[in-house]
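Two complexes are shown next, each including chain A; its partner changes from chain B in the first to chain C in the second.
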Partner chain A sequence: MQVKTILLNKNVLEGNDREADILRGELRERGVLLVNVMSSPGAGKTTTLVNLINRLKGELRIGVMEADIDSDVDAVTVARRTGVKSVQLHTGGMCHLDAGMTRQGLEELGIEDLDLVFLENVGNLVCPAEYDTGAHLDMMILSVPEGDDKPLKYPLVFQKCSLVLINKIDAIDYFDFDLQAVRGYIADRNPKAVVLAVSAKTGENMDSVADYFKTKRGEMLCQNKTTK
Partner chain B sequence: MHELGIVVNVIDEVEKVAEDNKVDKVLRLTMEIGEVSAIVPDLFSDCFEWAKKRTKHLTDCELELIVLEAVTYCQDCKGTYRTTKYGKTCPHCGSGNTYLLTGNEVTIKGISVAEPTSDNA
Partner chain C sequence: MQVKTILLNKNVLEGNDREADILRGELRERGVLLVNVMSSPGAGKTTTLVNLINRLKGELRIGVMEADIDSDVDAVTVARRTGVKSVQLHTGGMCHLDAGMTRQGLEELGIEDLDLVFLENVGNLVCPAEYDTGAHLDMMILSVPEGDDKPLKYPLVFQKCSLVLINKIDAIDYFDFDLQAVRGYIADRNPKAVVLAVSAKTGENMDSVADYFKTKRGEMLCQNKTTK
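Right, the complex of A and B next:
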């Protein structure tokens, strides 16, 4: 028996990055803005989406994909409280979504009649940040009870996001959460990130979030026009 | 805990290379893992040992993991330093205007394969 060495030098995440770029381009051409939503479990992803969708659904046609390791509680909640199209994706034990799973989810959802799709990623600050889903925008929700040190502990997810919501701001008096400090920590890692302090429960400042997405979808359509 | 998912991706990739090169057995797989790549080497090895038993060409494959040191570059003083020790802030000049040079790699470097020897070889 002879032993031969085959050199590969292959970046493992490269395949996913390529798939994500293709998906992002296809969606852009069709005018569908895909938003990847990340947070810890319990930060209020589903509540935030419900509130946000109800503010946007008069103007934009919206779909939601809920990713979880198991169960369909989130998809059912969103569908019941907003009336928009939603599908549940099961990751089968995986802690994140990749571009392939996102594409499958979009096929199941059906995007012919949609302008904006929210992808609620698995509640986790580590793995979802490593994998490009093919989304145009990444939104991160950090809730007040989690503490203001999270950008120090999980820098990657904050580096990736163009929008960071500080949720449950109505509860700030009950926690040692320094809003000024957290803004600084996020700016250190990602100076371009937009940071909004909101309460999905009371609706505080949620109009600004809705405006943000209206603007971003508008920008995408403008870019499409100028490139055509 | 995404090591298993990455192991499965890696194994799929290597199986494909084995098929393409008409290789029966892959004896060794060498990978480079960056120090701050969010992969835990021990966990990665454990997942690999479990997953390789279910493959066609990697059942006897040995995994070699090379951990690459993370180095950050400072745009202000043009110096470099160990990322794991100092994080985002440059120890030479105190600037936060820095970026990661190396340390985020997850790369399949190469494989060693057994080739059936012909009698004349």
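Right, the complex of A and C next:
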């Protein structure tokens, strides 16, 4: 349950896309699937990761990087509740992560004995979507209390993500949230996105999320074999 | 119910603080109180403004500027549900507003017949807190489903705001949210902040919010008289 905290250096933004591609390639070659997790503050990123990791850790070796402006709350929570290797990344006030910062985090985390790494980005629907972290998959979490109009207001993050979780679905009777409508808004912006309604609190449908990542890691290994 | 949409030009950031001070002074001289409203996506900024404006519009002449990456949802909602003058500001992908953008919005809105203007900032707890818009007051809305740890994770926005609303308080039994703890976290960062637990949906405690703004506008007029 050791949790390191790293203060990230600001990366030169120019060339981030290229750096991201290089990082993605290196990780792929080593069979490490990197997943970038984005959401608003309080949508449930950490709770979702804890629930998910506890379903996956019997089969996959997992590491977590938790980005935050300057608290250590999340990495400690993940380490305590899952036992997997976690590091806290401090962005020093910055609103997003880029590929250089992600690489710094991975170096601290150490990936030699890992199959799957989750990167919890800063809670923000705007800036993180604009920077390629080098992840193979982008996942976002929209929580029911935030409202079903978010794909209209923050289209980029929905366009970028291959997996969208609609979290806190257990609270849907309490809020004015139209699941059918939100599926339509997401499909308009990103027809290929997989959309799963879940509750990280009750565990509802979280097995489907776990299966999704097992499949994706398997696909990566399979592609590696094919190309070698 | 006319709603204009303005695409904002990117302002040179250098000198923003000075520009903000000039704008604040000009508005003060004309007796127009400008309030900058910040929160996460989906915390209830628009619903809160609609509820608040309907309580205030009998006594004060109000205008609203709704900032968003690229949708028009909010300005239309405010105009339809309150009847007050509204403009939509498109930030062109930017994650915040600065003083120059705010001035552009005010020019479109027209302030000659207004007492109070609300500026709904982009839904984001990081970037908007870093830029002075020229507002006299900064208000933030934290909603119960987001969790009580947000002042630990996004300290700057809590430091900056003179008024913090804890919204969706009607849902507190449903979520694991410690109101006493969050008041403590806010007080640690900003001992002068006024913290009000409200529900914009049910109207609970919204009269106190309306009173707060009536008092603040009165104080501004009083100060203007004293200094003239």
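Following the convention adopted for this analysis, the second predicted complex is superposed on the first by the 214 of 228 C-alpha atoms of A that agree within 3 Å, B and C clash if a C-alpha of one lies under 4 Å from a C-alpha of the other, contacts with A are read in each partner's own complex, and residues count from 1 in each chain.
Quick note on the criterion: contacts are C-beta pairs under 8 Å (C-beta built on N, C-alpha and C of every residue); 3 or more make two chains touch, one makes a residue touch a chain.
Nothing here was measured: the structure is a model prediction, and the numbers come from that model.
*Asks:* What is the contact status of A:S40 with respect to chain B (first) and chain C (second): first, second, both, or neither?
*Replies:* The second partner, chain C, only.
*Asks:* By the touch definition at the top of the document, which applies to A:D188: first (chain B), second (chain C), both, or neither?
*Replies:* Touch partner of A:D188: chain B, not chain C.
*Asks:* Tell me the contact category for A:C127 with respect to chain B and chain C: first, second, both or neither.
*Replies:* Touch partners of A:C127: chain B and chain C.
*Asks:* If you stack the two complexes on chain A, which partner ends up touching A:N205: first (chain B), second (chain C), both, or neither?
*Replies:* Neither partner.
*Asks:* Taking the superposition on A as described, I'd like to know which of chain B and chain C A:C95 touches: first, second, both or neither.
*Replies:* A:C95: touches chain B and chain C.
*Asks:* After lining up the shared chain so the two structures overlap, which partner does A:S162 touch, if you call chain B first and chain C second: first, second, both or neither?
*Replies:* Neither chain B nor chain C is touched by A:S162.
*Asks:* Could you tell me if A:K153 is touching chain B, chain C, both of them or neither one (first, second, both, neither)?
*Replies:* So A:K153 only meets chain C here.
*Asks:* On the A-aligned overlay, A:S71 touches which partner chain: chain B = first, chain C = second, or both, or neither?
*Replies:* Touch partner of A:S71: chain C, not chain B.
*Asks:* Where on chain A do chain B and chain C both make contact?
*Replies:* After superposing on chain A, chain A residues 95, 126-127, 130, 155-156 contact both chain B and chain C.
*Asks:* Help me check something: in the complex, which residues belonging to chain C touch chain A?
*Replies:* 40-43, 68-71, 73, 93, 95, 122-127, 130, 143, 145-147, 149-150, 152-156, 168, 171, 174-175
*Asks:* Sort out for me which residues of chain A touch chain B in the complex.
*Replies:* Chain A residues touching chain B: 1-13, 15-16, 94-96, 98, 126-127, 130-131, 155-156, 188-189.
*Asks:* Spell out the residues on chain B that touch chain A in their complex, using ranges where they run on.
*Replies:* Interface residues on the chain B side: 1-2, 5-6, 9-10, 13, 17, 21, 23, 27, 38, 88, 96, 105-117, 121.
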